[in-house]
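Order as written gives the chain letters A, B, C and D; numbering starts at 1 within each chain.
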Amino acid sequence: MESHKVEVRVRYEETDQMGVVYYANYFVYFEIGRTEFLRSMGLPYGELEKANVFLAVFDAYCKYKAPARYDDLLVIKTWVTRLKHARVEMSYEIWRDNETQLVVEGHTTLACLNEKGRPQLIPDNLMKLLKSVYTKGEI
Amino acid sequence: MESHKVEVRVRYEETDQMGVVYYANYFVYFEIGRTEFLRSMGLPYGELEKANVFLAVFDAYCKYKAPARYDDLLVIKTWVTRLKHARVEMSYEIWRDNETQLVVEGHTTLACLNEKGRPQLIPDNLMKLLKSVYTKGEI
Amino acid sequence: MESHKVEVRVRYEETDQMGVVYYANYFVYFEIGRTEFLRSMGLPYGELEKANVFLAVFDAYCKYKAPARYDDLLVIKTWVTRLKHARVEMSYEIWRDNETQLVVEGHTTLACLNEKGRPQLIPDNLMKLLKSVYTKGEI
Amino acid sequence: MESHKVEVRVRYEETDQMGVVYYANYFVYFEIGRTEFLRSMGLPYGELEKANVFLAVFDAYCKYKAPARYDDLLVIKTWVTRLKHARVEMSYEIWRDNETQLVVEGHTTLACLNEKGRPQLIPDNLMKLLKSVYTKGEI
């Protein structure tokens, strides 16, 4: 499976008084992971929305393995772990210390919606790209 | 001048590793102050947007006097300090410890925009309410 | 099972350009749910930290059922769904429209840590309270 | 006056239902500006805190000129505009569209505090660096 990597540096605002990244912020990092994944495939998410294709989160999970701290340079890895006609699951790992320490792992299922918020099939251009990085089997 | 009061409790997410509320979050509290101020006058901001009246921030200032911490119960005071045909300035104080300790003070100037983001006059229903709480002079 | 209810109003800052609450923010609401749950049992979380008891999130899950929008008055329901010697799982539902529309459901597992971030047993005073609201069976 | 530039891409989470960056988030960008400014001078802010030097915000101002939107690649410019023995003012401009459109401008005054939150003189190593980029006059 191909995964995509992007770096993000922890902002002061993202820490809490425990001195670590607040737990909800990892879901923001997950979004950065999938955004840059799509961009790297040549299809920025903003263009999808302009074509009335919205990827709404259906469910989200995160398991916390080790804390990330202020100014850490994190690596977000993103890849496709499930692919259906109107949904795609992306999985994530976030690492620190030059990818020697796993910080969190998780996944999100995204549902493809139209401009009215109704489910629609993943459009051909996006599906073609997702299939090209998804090797687990036919959908 | 009439001021409006609303309480807000500091969320864990709003703290940073210095153990205090992150400085940008006070602007979120300011928005809660003006939102509840409008609601108390019988004109929830959501209804303004439905009528294509948008109050966009033109400028914002905050002076930090004492830190607020996790779980503090804050009081936000909001009042109108300047009123023009297409702009209104609201000022804020945020207090803790039963209003004995001033945390921050600041202000925001709001510009009235239409749905295309162009300036427009403050509509009559809103202007009437703002004048009723603004005693500094005629606009 | 006893559940605890607390209301929260959606802030403008919590919406995104899709016009709905951004998906990561529900985890902030979950935290408000468990914070107020603990407070309602007479044990504010801040007092736990002062006694060097930290509840760190071990994992977190959220399933999105219907969008919440700006200014919605949400009800967060929180209850204990698993209880171990050093961990507790809390589950959540968030409702809108006077509890007629389920917005999200999810859970978080919290691990009990000491001031050095090492696991420790849930202290007696907290365990007693958690058992009193947990009826699924012995731990 | 020397200014420092750093790029930041607008996150989905940073937008609001008006379809633009929420106004408080520019203060987060300002912090990124000054953080990277310090890093570029060879003194990461994290090292200051390890030496018990804290730069707390004394006041903050932002003027909004044009909206930034999702996925915009912004340029944050930061420079020193006032320098005193225990305080420093940094000013900021944020630009989009290859620095052709000014989005916001603002400033923050930072007070130098010790680990107990008491004012202290800016330490020599930091003062030397700040003077090297400050050309307005002697402090």
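Just so it is clear, a residue touches a chain if its C-beta (ideal position, glycine included) is under 8 Å from a C-beta of that chain, and two chains touch if they have at least 3 such contacts.
Because the structure is a prediction, the values reported are computed rather than measured.
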| said: Of the pairs B-D and B-C, which shows more C-beta pairs in contact? | reply: B-D
| query | Counting shared numbers against all numbers at the contact of subunit A and subunit B, is it over half, same, or under half, different? | reply | same
| remark: Chain centres computed over CA atoms; the one at greatest distance from subunit A is chain B
| request: Measure off the straight-line distance from the CA centroid of subunit A to the CA centroid of subunit B, and report it in whole Å. | output: 35
| request: Could you give the separation in Å between the centres of subunit B and subunit D, each centre being the mean of its C-alpha atoms? | output: 24
| message | Taking the mean of the CA coordinates per chain, how far is subunit B from subunit C in Å? | response | 29
| field | Sites on subunit D at which at least two other chains make contact | value | 12-13, 24, 28, 31, 70
| field | Residue numbers on subunit B that touch subunit D, as the complex places them | value | 18, 23-25, 27-28, 31, 54, 56-64, 67, 117
| request: Write out the stretch or stretches of subunit B touching subunit A in their complex. | output: 12-13, 15-17, 19-20, 22, 24, 69-70
| query | Along subunit C, where are the residues that touch subunit B in the complex? | reply | 11-13, 28, 31-32, 35, 44-46, 70-71
